[in-house]
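You will see two complexes here that share chain A, one where it goes with chain B and one where it goes with chain C.
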Partner chain A sequence: MIEVKDVHFTYPTGVEALKGVSLSIRNGEFVAIMGQNGAGKTTLVKQFNGLLKPTKGEVLVDGVSTRDISIAQLARKVGFVFQNPDHQLFSETVEEEIAFALRNFGFKENTLKRRVTWALNLLGLTEYRKTSPFMLSGGERKRVALASVLAWNPKVIILDEPTIGQDHRQKEILRQFIVQMNAQGKTVVIVTHDVEFVAECSPRVVLMAQGQIVADGDAKRILTDPDITLRAAIVPPQITQIFLGLTDLGLPTNVIDVSEATKVLLEYLEGGKR
Partner chain B sequence: MSVFEGFRFRHVSSPIHNRDPRVKFLYVLVMFIAAVMFNELPVLLVLFLLQIPFVLVAGVQRQWLRSLRGAMFLVTFLFVFNLIFGYISPSTIPGGVSPLEYAFAMALRFLVLVESFSVFFLTTSPDHLSLALEQSRVPYEFTFAFTTAVRFVPVLAEEAQTIMDAQKARGLELEKGNFMKRIRNYIPILIPLIVSAIRRSLELAEAMESRGWGASKKRTNLYVLKMKAGDFMLIVISIILLVSAIYVRYFVPLPTLTMLLPK
Partner chain C sequence: MAIIETENLTYTYPGATKPSIRDVSLTIEKGEFVILTGPSGCGKTTLCRCFNGLIPHFYAGQLEGELTVARLKVAERPIYEMAQRVGLVFQNPENQLFALSVEKDVAFGLENIGVPRDEMRKRVDWALQTTGIQELRERAPHELSGGQQQRVAIACVLAMQPDIMVFDEPTSFLDPLGAQKIFEVINELNKKLGVTVILVEHRLDLASKYADHVVIMDEGKIVLNGKPREIFNSEAARLIGVGIPKATRLWQLLQENGIQLEGVPTSSEEAARLLREVLKA
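And now, the complex of A and B:
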């Protein structure tokens, strides 16, 4: 459980990135943090694993303030996958890359081996076990980065912009993967601009603008509210835009999902025939 | 990484910012020579204090202080090393100076160097710098390489910070272990940093080629640097500084700080 209590954060450069943010994320929740560039999304999630400490207010992870515990201890609970895998890959083989964090956390050698094999398998990287991470494609590198964090099985997993630079197929695989992890009881927090991706996952959405939370609720409610999306400078999903333009037909406006849209439209058309 | 903060230029106008970069460089050079000429603490103290008016006139005191704070690690290192060696082999330090004072002087000398370079970079835009180099007939290839290097220092610093965060999030503890282990701790930070710097430079080269870099042999500039009254004033100040430094060095017997302090 992560509790953010009236957190303010100012960077050393003087930029005030968070201006009084309060938020509570329960165990097993799936949360998408959205908002414009510079809204404070990444700054907020960096508070969750202690990379940044609040200038004012406090962040509690399982009841312990992030000020009272080291980043390494927090990281054991809260895994953070950075946006750019190139910022973390350095080992000679994919296997070593995944083992790095496990060594830092002091896993025993045989547990470590088992974990690495498990993580490789989970993300379909087994064939690259002995390959240098630098030889892999962008999407594969991203998967290695993800595997290297999942390997120690943190309770909470934070993904910063997981969909950037991924093609449609990769995104779909990622989506299923996230949903599956969440179904198995992991708390998942994603930071993203990708409205369509969020619409398909349908998590709880926390919308930020200028260092504050402007809306918090389920994806369906937030992404279909024209006022809220306008305030956070977010464009509703394409399917919602279509439905917002069809209000004169008496169709619902709170549709974010393509399969749901198909159902609603079919019902309407068949109803029209009768 | 905060030491790099002190080298990040911000666009403002001040009597220091508006000086010709060539003249400012002369001033930095004089400071550099003066600092290297002396290892007496009182003189270095004077050199250190001498630059503070420049910082205040330029209005960059905050960034300047930050760069000094960033340099503190190396300063402490120099201090401790000189102190240890001063005690181990007192013959390496000038007679009559206590090892403590000598170590202070060495650390302060480094601080004076950082200070003057920091003032230079904080008040000189990279564009001006390249203009100055070009007008000094440095081939454009070198000028470009130099300005690009300067331009990318803050970018790299920022990247290093991100990489550090990413590795800390994977349980890396930089301050853990003995001396050798601590150095080894930096491998997971240096490798991604170097790899991405190389990758970036290749991309930059491609971007330059695609924009026709080097297409015309003769380049002209929109702006041309011209010396103004203030520039000549700074030249005169620099020369006075240099001459007096040489004079003091060869003709004035210098006291140590311990001699100056009241008994």
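And now, the complex of A and C:
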């Protein structure tokens, strides 16, 4: 469980990125943190694994303040996948990259091998085992970064912009994968701008603007409210936009998913014929 | 008039065992707005690097086939000459930015080609304004957020006023409103200034309404090439796993259920309009 208590954070440059954020994330929750560029999303999630410590207020992970525990200890529990894979990758081969953290955490060699193989397989990277991460495309590097964190099986997984550079099929794999991890009891926190992805996953959505939380609730409620989304520089999902353009016909506006949209439209048309 | 023509273009990076693009034959007309998409790793970025000569001049490797851009044979022209014709906005803005202030970064390309000082000021101002980052003028690019950096990278290329602008996922770090604004900027460059635009993009929901030509690649080859409506509605696009706009997908699902709309929508406005006709009938 992650508890954020009235956290303020000011960078050394003087930029106040968080202005009193309180939030509690229960074990096994799936949360999407959304909002404008510079709203403080990444700054907030970096507090979860102790990469940043609050200037004021505190963050508790399983009841322990992030000030009282080392990043190394926290990292075992809270895995963080960076927005830009180039900030994370450095090894000569994909395999080495994934093994690196495991070695640091002191996994035995045979467990390590098994985990590396598992992670490579999971993210469709087996053919790149011996390839340099820097020879891979942007989307592939992103998957290597993800694999290297998943390999040590942290309880909480933070994904900063996981869908950037990912094509539709990989997003679908990522989605199923998040749902699966979540079903296994892992807490998943994603930071994202990708409204369509969030519409398909339907997690709890925390909206941020200017260093504060401006809305918190389920995806369907938050993403279909044009006033709220505008405040956080989000555009409602395309399906919602279609329905927002048809409100005068008495159609609902809280539709985010394409299958649901089809169902609603079919019912509407059948109702009309009766 | 064709501004980019490739014929059987095949390229292998140094040390790679297989080509990243294979037998690419493509014609892009002057003034077109082209979306280039396809699964990650399919060769989109590699193809873009050919357009301004980074391939083969910077990346070396093995290039075969023909490539003519703005009537210039790319293989025979230096990068600095191609760079004035073809502006490339990188996928990762950090690979592009290096100066200590945004203003200096935007002015850098202009200084290199010897643009007079007054003209340089004008162009820098215009580029900053068009991308909405005037207030970042004095800031250091490396201290900015990913989204802000992306805008700076676009401003740098914009200032050069090239005939062709290639954007490699230019909005991947931007919030949706920011992305929409960038797409509108790109669209304006295309429609008002006649700049030929090649946009590499996965977020088709936001981008496809601007395009008049869609190219889909898979495993280094061009697999679909034509008008957006035809492409998005093709079974092949679905099979490759291209994320067609939700509006188009909705149209498909309705059609499977026996409901016919008057056209294939690629944007929410269009879908709402077409649905209205059916729902009111």
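The criterion applied here is as follows: the second predicted complex is superposed on the first by the 274 of 274 C-alpha atoms of A that agree within 3 Å, B and C clash if a C-alpha of one lies under 4 Å from a C-alpha of the other, contacts with A are read in each partner's own complex, and residues count from 1 in each chain.
Criterion: a residue touches a chain if its C-beta (ideal position, glycine included) is under 8 Å from a C-beta of that chain, and two chains touch if they have at least 3 such contacts.
These numbers come from a predicted model, not from an experiment.
When both complexes are overlaid on chain A, chain B and chain C end up clashing with each other. Legend: residue contacts after superposition of the two complexes on their common chain; A:Leu249 is shown touching chain C, with no touch to chain B. Touched residues of chain A were counted for both chain B and chain C, and C has more of them. Of the two partner chains placed around the shared chain by superposition, chain B is the only one that A:Pro12 touches, whereas chain C remains out of contact.
When the two structures are aligned on the shared chain, A:Ala233 is found in touch with chain C, with no touch to chain B.
Looking at the shared chain after the overlay, A:Asp86 reaches both chain B and chain C. Residue contacts after overlaying the shared chain place A:Glu260 against neither chain B nor chain C. Chain A uses residues 13, 84, 86 to touch chain B in one structure and chain C in the other.
Touching chain A in their complex are the following residues of chain C: 13, 15-16, 37-41, 45, 91-92, 94, 143, 145-148, 169, 172-180, 202-203, 205-206, 241-247, 249-250, 253-254, 257, 259, 267-269, 271-273, 275-276, 278-280. Contact residues of chain A toward chain C in the complex are 13, 35-38, 83-84, 86, 135-140, 161, 164-172, 193-196, 230, 232-235, 237-239, 241-242, 245-246, 249, 251, 258-259, 261-262, 265-266, 268-269, 272. Of all the residues in chain B, the ones that touch chain A in their complex are 2, 5, 66, 159, 162-163, 165-173, 187-188, 191-192, 195-196, 199.
Here chain A touches chain B in the complex through residues 12-13, 46, 49, 51, 70-72, 75-76, 79-80, 82, 84, 86-90, 100-101, 104-105, 134, 148-149, 152, going by the rule given at the top.
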